[in-house]
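One chain, chain A, appears in both complexes that follow, with chain B as partner in the first and chain C in the second.
This part shows the complex of A and B:
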């Protein structure tokens, strides 16, 4: 049960980091008169001692109140987040699904062909894929499929679902490479074990051995990679949302940080942290399902 | 973000792959292996050639990376003295690529060294002391692994003025976790070895043992993971620069060049494809070479 203290630590760390920053949310092009500044500060409670503000923030957060946005004046952070979260979740969810699909099948195929040309080619491609940064593949895809071939919308959300293709592919590629390698490595170890030899000796078909006895324990390393993968996807989503002009959480985070919109940044960080922690818990559950020995601990 | 994981690498596990691997580090290499060794390490050579170009080119080119050629805005490749043409405000592309690669690699090496120092100090202490201290220290590492670290780094960048020094201290502080884990494992294994026990029995102070007997023995593994940290750091730095939070103008880096190229790609696709391709090439070569080193030492 370290989830809640971790979350609290992240929120407080971000809170104080933000406040250490020079500049404030009301520094516009034209400096405001000091009285107006002071009035705004009081209105948003920014004149109180920092500790008190932190306490107020956390106690409101517990009740689900993220506070007002200081820059998008007509919106609360909850409203902005409610707009952005579905987009980010759709991107992230589709990307991890695609990455698992591609990664596990590629890893499986390579493991079956261990040592052959197909194995080496797939593993080489997987290494290349892990080294593809989203901020290069994103614009490159937009250039190729959007501008040159005109197949997909370059930015924003057009009609239907086609706008999701490029962002999701750009996000999924590096993760799928890592998953392919882990699956391949996991299978290589598992297939050497005694229970597989027994299964072979009993005359089970290779397909049955692979899918029924081999794959499940081999996926344990993949499960332990899901936590870092989720963190990576969220970071990648920041880029993808910027590149493809999608109003997801990531864009709000960067804009908020640049504009010193304290509640907006804190809200997004809190959500991100909560998502990652949730995903780690989820990975632990999968862990137990994949390897019954883990359920004890 | 930290894509490395403490799992064995896939390559070399399967039957038949092992043969070519043992060749490169067999203790007594026979003459015909020498040529093969060079061609096997092509990624390393690519990286070295790129580094050499990044160092030498700026001195040879007629243009500096921030010099504007008013007569040649968005010039196509091979026009006059601009081999790769110019960008949207008339700066020489090749000169900018060389300068950007230089900055990117400089940040990467510095940040990787920060991660090396922090990781070794943390991992060696945990592994050597052991017990409750070890458990607490490694729990801390586990907890940090799960954090949305990138966001804390972004906050740091926004707050402390985005200096280049901060870029690599910040990144280095993020990327030390894997190093700490690996070093701790190595130190724990070494601690039980007879020569260390002998040194302890002889009354050698622990710090001397660590410095003189433990560190030299983990140098290989540490080097392998250092090599793997470099592409990670390159990626983080470029990511930050891409968002406008890393290296600042007038300095440039590959991330900034990719960003500029992406903004102008409908006019001049070359501006995106050149730095993007170069960055991917660097990352791929560094990763392949790093994984190979890791497989040898683990």
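This part shows the complex of A and C:
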């Protein structure tokens, strides 16, 4: 129930913060004549008091109108978002799936081999993966797989699906490292608990004990990480989309911010915020499934 | 030959021998019990043969003709899952939280073979262990059930595949006194009905007496004494067994000599504590309703009841560390205000001691800081040197020397930690101690030494005591009067000896029978 006030607070904070930044949408290299500037300001309602503009923005937003783009003048923000969103969602969705797959299996494997060389190696790799920023892994991947080996397209959308591989891997790597660590730690706690001994006393195989009795409660920390992870993926996508030249939301976000395209930036922020809130709600639902005790406050 | 026969077993962990020279035999339809303090190796001896501890067993262990030492995986699997069922101590944590009762019962039954049980059969299994509304329970998760109900589910699961041997590791230790009797009776019944051999582990003589045929007493990894239960209890040979028996409080022991009682100290009038029900369901929980009792100087009063009876909530309300919805607490004629409004002097008057001594001490702090803390808050006027002197004095009062000052709680045993907790409670010179199950989590020997310490303090410092417990026999060693609580209401109140002689309320009768 707190989702809507949270969203509103984010929108208003971004609205006012952005206006604090110097410059405006119509400052080009060649300054426009003052009367043209004034006409543009009036046309887009930028001459009204700030609070009134904020009110107008929010009331239009409620009706689903994100307003016009101030820089890409032939497009509305909704049109730009409609172009970029599918690409960003595909990237983000695939990245989180990949990160969960890699992270949970690596964590499981490490937990089963606790204390052995495999465990230590996996945990070290997970630390490295978490620490490496996407603006390093992205270009490094492009250099290795794209330029030197020539296996995958370096930039833009080529034929088929191969263009997705590198951006998704670059995005997923840091998240998968964190998930591997959380899974490993969660399992280490759960596997010591009494109910695992009960399962073992029933003569179940170790694999069955791990998957049926151990894994679900061990994934609770992973579920709480999903919300922040989604945020990380969306903001990480900004870098990855720029590195790989993909027309996703991230690129509009950065260009919008640089050009002071207020409605475009606000539109993307609103969308990102909504997605992150949605992900947190989703994580709450997953909690209840992982551990039924959490269904009761 | 016995169904289960252990000959000259030793157990080692990482090359260290923890258990040596253990012989156990259990026959079909009979029960062999092992008792001993914690750390005596009793649980280790029961669980290690089945690979359920990190230890390694040596010697000879035969179950239904199968030698378990050096058994291959197939034989071990057969011994563990077909022939044996297990009931563990902690019903709260021994069931998997995310699987329904039905799923866990089904899994347990599958040890006998791959055929699935019908829902009707599952219901019958739950009904057999005395669970009401069995059909509904099948779809519930374990956390919806009470401790006693969960232990019944554990028992149903342990015998679902019709094993020949049942290993019960402290099956009743985590339950309150009246439930203990019920669960032990259920185990006896099932044993007779199915011809089960049962190996029972306990630290509590009372739950072994009358339920086991043979008894093994263990101490520090060795068998001290073994033989028929009735013989050992009637005529213990070894010194350790005698001390263990003397330490276990019983209602048949002679009444203790209690100090004289002075003037009226405290009086509660219609104390009521109501909690909002957790979760989405509306409603309230009446934890304590209209509790009125009196307390005189130097008097010890036992507040007794089963779990969930509201006895701890009442104690907390009096000590000013828990909520109080309505009612008043009068202290020598003055009304004690709600907890936040109490002055330092008022807080100093009443000090609590809790059940789990290790958990109630901050693991990061040294003993000297823990004991000094009440002084820092309640007596800010004192100088550091005076404070240090008082800390040593308080430790000395509870029987701990100056060498404990620098220790941290994790390096203390349960009994030592409880002594530190008591030192912390008495250092600021309180008049009333509220002891919430202060001896329940301790072994009988340690628990009885804490009871002795309390009796000493009661005399030396003229302390008034509220002793909250589910065990009337322990309370009898210390208390003049008894207050029995059931579902938040006082159901009986009076002189300790008189109430034990002629109990009126059903709850009281049940608790006395369980002691």
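Please note the rule applied: the second predicted complex is superposed on the first by the 297 of 297 C-alpha atoms of A that agree within 3 Å, B and C clash if a C-alpha of one lies under 4 Å from a C-alpha of the other, contacts with A are read in each partner's own complex, and residues count from 1 in each chain.
The working rule: contacts are C-beta pairs under 8 Å (C-beta built on N, C-alpha and C of every residue); 3 or more make two chains touch, one makes a residue touch a chain.
What you see is a predicted model; the values in this text were computed from it and never measured.
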Touched partner set for A:224, first chain B, second chain C, both or neither: first
Partner chain(s) touched by A:79 [first = chain B, second = chain C, both, neither]: neither
Partner chain(s) touched by A:194 [first = chain B, second = chain C, both, neither]: second
Partner chain(s) touched by A:203 [first = chain B, second = chain C, both, neither]: second
When both partners are placed on the shared chain, which of chain B and chain C touches more of chain A: B
Chain B versus chain C as contact partner of A:119, first or second or both or neither: first
Chain B versus chain C as contact partner of A:291, first or second or both or neither: second
Which of chain B and chain C A:65 touches, first, second, both or neither: neither
First (chain B), second (chain C), both or neither touched by A:216: second
Residue ranges of chain B in contact with chain A within the complex: 1-3, 5, 7-11, 13-17, 143, 145-152, 154-156, 158-160, 231, 235, 238-239, 242-243, 245, 255, 258-259, 261-262, 265-266, 269, 272-273, 276, 279-280, 283-284, 286-288, 291
Residues on chain A engaged by chain C in the complex (per definition of touch): 193-195, 197-204, 212-213, 216-217, 289-293, 296-297
Interfacial residue positions of chain A with respect to chain B in the complex: 2, 6, 10, 13-14, 17-18, 20-22, 107, 110-111, 114-115, 119-120, 123, 126-128, 130-133, 135-136, 138-140, 142-143, 147, 174, 178, 181-182, 184-185, 188-189, 221, 224-225, 227-228, 231-232, 234-235, 238-239, 242-243, 253-254, 257-258, 265, 268-269, 272-273, 276-277, 280
Residue numbers on chain C that touch chain A, as the complex places them: 50-52, 77, 80-82, 84, 86, 88, 90, 93-99, 107-108, 111, 141, 143, 154, 157, 278-280
